[in-house]
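I am attaching a structure below and will ask some questions about it afterwards.
By letter and in written order, the chains are A, B and C; residue numbering begins at 1 in each of them.
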Amino acid sequence: MNSSAPTPADDADLARARPVIAAVREGAPLIHCLTATVSMQLVADGLLAAGARPMMTETLDEAPVVTTLADALLVNLGTLSTDGMAGIPATVEVARCDSRPWVLDPTAIGIAPVRTPLAQKLLGARPAVVRGNASEVMALVGAGTGGRGADSTAAPGSAEQAAREVVRRTGGTVAVSGEVDLVQSPHAQVRLERGSVLLPRVTGTGCLLGALTAACTAVTDDSFAAALAATTWVNLAGELAESRATGPGSFRMQLLDALDEIGRCP
Amino acid sequence: MNSSAPTPADDADLARARPVIAAVREGAPLIHCLTATVSMQLVADGLLAAGARPMMTETLDEAPVVTTLADALLVNLGTLSTDGMAGIPATVEVARCDSRPWVLDPTAIGIAPVRTPLAQKLLGARPAVVRGNASEVMALVGAGTGGRGADSTAAPGSAEQAAREVVRRTGGTVAVSGEVDLVQSPHAQVRLERGSVLLPRVTGTGCLLGALTAACTAVTDDSFAAALAATTWVNLAGELAESRATGPGSFRMQLLDALDEIGRCP
Amino acid sequence: MNSSAPTPADDADLARARPVIAAVREGAPLIHCLTATVSMQLVADGLLAAGARPMMTETLDEAPVVTTLADALLVNLGTLSTDGMAGIPATVEVARCDSRPWVLDPTAIGIAPVRTPLAQKLLGARPAVVRGNASEVMALVGAGTGGRGADSTAAPGSAEQAAREVVRRTGGTVAVSGEVDLVQSPHAQVRLERGSVLLPRVTGTGCLLGALTAACTAVTDDSFAAALAATTWVNLAGELAESRATGPGSFRMQLLDALDEIGRCP
């Protein structure tokens, strides 16, 4: 998709996201991530590349305490461990009580018997942003049958009604990722058709988007601006990385370089 | 080893593996991986690069349920966690009952007191393919003393008798990895002397071979063809990656690009 | 910092570290790592790139047994899991009884309620080397308030008194990492101002330094020489990698190539 990408100078999507991106680099927020084991390293490396700082402890014994150091919290339900099952609800409760922004990424909910009701229950703690694919956002409100593993079996457009329902319950923003991304808040909606076909060829790029969304919520009270900036950041980094990559391995490396590069002064 | 590698056009090993490789790319099978934490990301990225799709949940609460979505199952005993100890037997039982193909990778068995008897017991659930190094395959039938960690202390050739014994018990195929790879079924045997000296310099390339073997079993009922195609795929990707790499870090990146490239039309 | 780096031929830091580096490549020691999930793969890949061999099992059921195969042990408290909480004390006890060298990396201690007292208690088992940032080394002796996540909030210089106190208790060496690294033993002290600003932009480079320190303790009885060689190895690899990198993603890849390259005959 990069062939028709505008140059940075006239890229309206980038112009809109730039203040939030700059604020993340300036503030270097500490993001507590309770996230999938399989993509933990990409999430941490991606946050560092973007200028934020990761922290990943997930046990009930330590996560609720150390989250008080964080500027924002990410809860991603992928590869949910026994430690995570115990640690997540208590950690979210601390974030809720402290009015610390948090992001819910309901990875692979649908038929999974623990994470699906857990995700639905966590909506009550009003995440600033919910980030998921179409199948996941639909499963969150009991629609559809879930995807296959981490992959959506529903088109992004079909999740619009579910996204509006989640927004109604949380008062926050929902970002539905797919070929066309939908960012929906109580008051605004944007569709983005950017990014790279190589993004789903690397494990954890969706998880990284969730973590970067949390980093953006740490630097602005506007959850819609945060979700939109994070989605744009990953999409534009994906376009830049694709233009330099020869396959999924080199794309992964270039993506980290590009996250560091997007939105800097030319 | 790449200096003497034949060109793709006249590579007989590739020609033999190509139909299975093409079927993985066409079918994009969903592979449920209960696998070592340390190499989880390379396994997932390698499956994605090859055109398959990974899923990694391992708890007793969720793994047996979500495995019903999968086209094949990988069980790798490396860095076996408490979650994995509980989740693996029940998940294998679901695969067995559904006649879903599954692959056993008995990583680092020998003196390890939980995984060694577990691996031996799991043989009774008749994995389509067992993939391991010489020490591991020997330990599976009570021969030898095991390796040192994930490394074999036995030559691949010395495992031939053990491989035949495993085949006798499972009715499936055994792939013994090493400088010379041995693929053994009830009716056939192939030795392959391909690959790269850099493959054992990157963590998890053996685990990735096990996962890719599972992906191949998802697209053919012939477990021997599946094991041979996966072994060839990784070996040829290793040769191509070595020809482009300047060390183990760049080799790792090039390996993922090469998995995506091997066997495509020129 | 690489612009002013001396060439390998006249690099006195490298000359001092070279015998230990060569001994690791020659001996290929097996290093048992009980370490943070988030950086497990970089730690393993870094050990392999350096010529050592990793092993990562952490459960109470298996870790104390398999550690008897290892040449040295690393205990890193980052992202401490329930399995790690149970497995670490028993595994350290085996290392202590066997006089096997071990390294303690007290990642992110401070306010974390389990790992902080655990780290302090483990000092009694006399690690050959303690490797941490300034905040972590201070928290180990009850000074300071800890860092923020894995980041130090104290300058390396401020940890000198704490480092001396740890040395007094263990009789071993302490390596305090930062812009200026301090390596302190009962009888010697060195400050190093080498490395790259990109090292803290990649997750787990500190953990890798701890693991490489363990590899060095496996090939020399001199814990000070081991800690100094490992610190130098990572710093010089960082300088070389920075000179070839275009961002944090390519730096990570180049770092692994450079670990394999540093100190080889020109």
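To be clear about the criterion, a contact is a pair of C-beta atoms (placed from the backbone, for glycine too) under 8 Å apart; a residue touches a chain by one contact, two chains touch by 3 or more.
Quick caveat: nothing in here was measured; it's all calculated off a predicted structure.
Between the two copies, chain B and chain C, the C-alpha superposition involves a rotation of 120 degrees in steps of 5.
Residue numbering at the chain A/chain B interface overlaps only partly, since under half of the positions present are found in both copies.
Per-chain Cα centroids separate chain A from chain B by 32 Å. For chain C, the set of residues that touch two or more other chains comprises 37, 41, 81-82, 252-253.
Interface residues of chain C, counted against chain B in their complex, comprise 30, 32, 37, 40-41, 44-45, 48-49, 53-59, 61-62, 65-66, 68-70, 81-83, 252-258, 260-261.
Within the complex formed with chain B, the chain A residues making contact are 36-42, 78-82, 85, 108, 111-115, 148-151, 200-204, 246-250, 252-253.
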